[in-house]
């Protein structure tokens, strides 16, 4: 039985932790989920390391940085810390960040955030249980949340 | 009995360490507080790691970077170091930074700084004693200091 | 027998992992290849550290960041993490990144990506088996993907 | 008997290491000083870690980055490394950087550099011997080199 | 007998590794040199850590980043990694980077690169064998490659 940690924030404006959890459960079985919520994205790296030390095999983290320039700096700091936590533990951290400025209005933001959370949940499942699914799609221009970019062909 | 470290700076222009301490005590019992003051925000990461090695379960750090471009760089360096210290110790570091440029005058700055310090103190309490309070508010757009952004609804 | 890890992404729009693998095999013998595919470039550092812990002597990682400003930030975070993983393990990580904005159209992008992947594969081979080939070409202005810049002469 | 390391650079244009050393000695007794000089600010983090491993309780480092954009990048890299060294050793690193662009002419630069070095030396002394002095001045807007910003009052 | 590692790149357009090696030998005796060449500057941190683990007392690394904005990012990543490697090993890493944009033409670039490489080699020698030479020149505004800036006097 694999163990998956899911961490989200009270700062996020969409309940992306729930969407990710629901989609992950739909992907298959063979794993348990431990959920945590922290205030903001800068709290994610410590939460992830703690979860790994409690035995998680993978962590899926979800955050929604705001629109300001400073929010981008915070996201950068959080990402750097998440990579640090992952590298120190040698365990995958699937990061799902949705920036408020990526969508024009609330409806679009909710749609984007949900879809991205679900697609990252699918990636988390593939990393743990279906690595060959990822290998088959290597270099095919997959995107999470937005439409896939697709592969570029030499014959274009 | 949990142990909380609170670290602030002589650089800050508001006594946010005191506001945070007072609010934390109002939140409940079951913890002791150890306070430290360092010169500036770049001194916070080392102070935090020392406090963790003295047995703290969580550190709440408070700083007020100035208005200049260089102050933003210092804040970025301090944040990166705080995440490093937290990840190395696997213990939460609640960071409360108030940038001088966030408010138009001294009165507003004092108000913002106090409120943010108090709300981060509440988050620190929740992380230690009421994780379910955080989980219940996942994805609801909470903010510290300013008005909450609130949740974005798909039906907007 | 040396062991080489090759990691690419599903985000990339060209199958650069395959080009690198094919070229590496053409370079010579004396090594086995383990391939992995992860969703995006930020997942590379953890994948690399895991591969080193499975016994790899060198990892060749390939990614294609998008055109947006945020993609550059992600590439920076990934590179920082790759250097961290390499330094912690004291093993070389050959990074081959192709930015979508480096080429004007799909055809050119495919050509550039393939050539860069192949030339980095040659570098990976040289690092493991022909260090003197690198030493002989020290300071000669070699480039991967684009035309070599060449050496600058004092007598120009 | 406490041990203090002081490190400066040959790149700096003012003998700030000497000013800091003299002021530190004036602050009191109960400590020995070990001085080192390295070429530039990027050499400071390693020098600091070595000094800690030789038994220092605190390191005071002094540097003067130039005016160019690249000098700011170097200062950022040095600061990040200094925080890393401090966090790994759990010992305070008091960083005193004076940017050449902070003053209009040589005389002003010399004055600023000297004063900042002296005030950081006082902070170093306080961190080791008078932590209560720092605590008493928490949130009072102290600055090193320039005039103190002072506390912001709610009643302004 | 001290051990010095010298690492350069095939990306560089001037044979700065050779210039540094020759000058280092002219500085004196009492050390052996181990040379390595890697493809680019991002490969330097791992090479340095490996050399330290093979017993080097100091590493001198030389690179020539290109003119593009991305080259600056790579240089920043490489520098951060070099500081990390040095701090983890507590051994000095003398970094000599020459940016292609620092000179107007090839002749000037060659001249600058050679001179900077030689002066950094002298610094490496001083760090190992003549620390007092550095101490004597503290705060005197030394530069590598370009003319020394010199000390700023209070009486200017």
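Chains: A, B, C, D and E, in written order; residue numbering restarts at 1 for each.
In the analysis below, a contact is a pair of C-beta atoms (placed from the backbone, for glycine too) under 8 Å apart; a residue touches a chain by one contact, two chains touch by 3 or more.
Worth saying up front: this structure is predicted, and the values here are computed from it rather than measured.
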item	value
Chains contacting each of chain D and chain E, listed by label	none
Inter-chain centre distance, chain A versus chain B - centres from mean C-alpha coordinates, in Å	25
Distance between the centres, which are taken as Cα means, of chain E and chain A, whole angstrom	40
Two or more partner chains touched - positions in chain B	80, 84
Chains in cyclic order, anchored at chain D, direction fixed by chain E	D, E, C, A, B
Contact set on chain E toward chain D in their complex	72, 76, 79-80, 83-84, 86-87, 90-95, 99, 120, 123, 127, 131, 134-135, 137-144, 149-156
Touching residues on chain D, where the partner in the complex is chain E	8-18, 35-39, 42-43, 45-47, 49-50, 53, 64, 66, 70, 73-74, 77-78, 80-81, 84-85, 88, 105-107, 109-111, 113-114
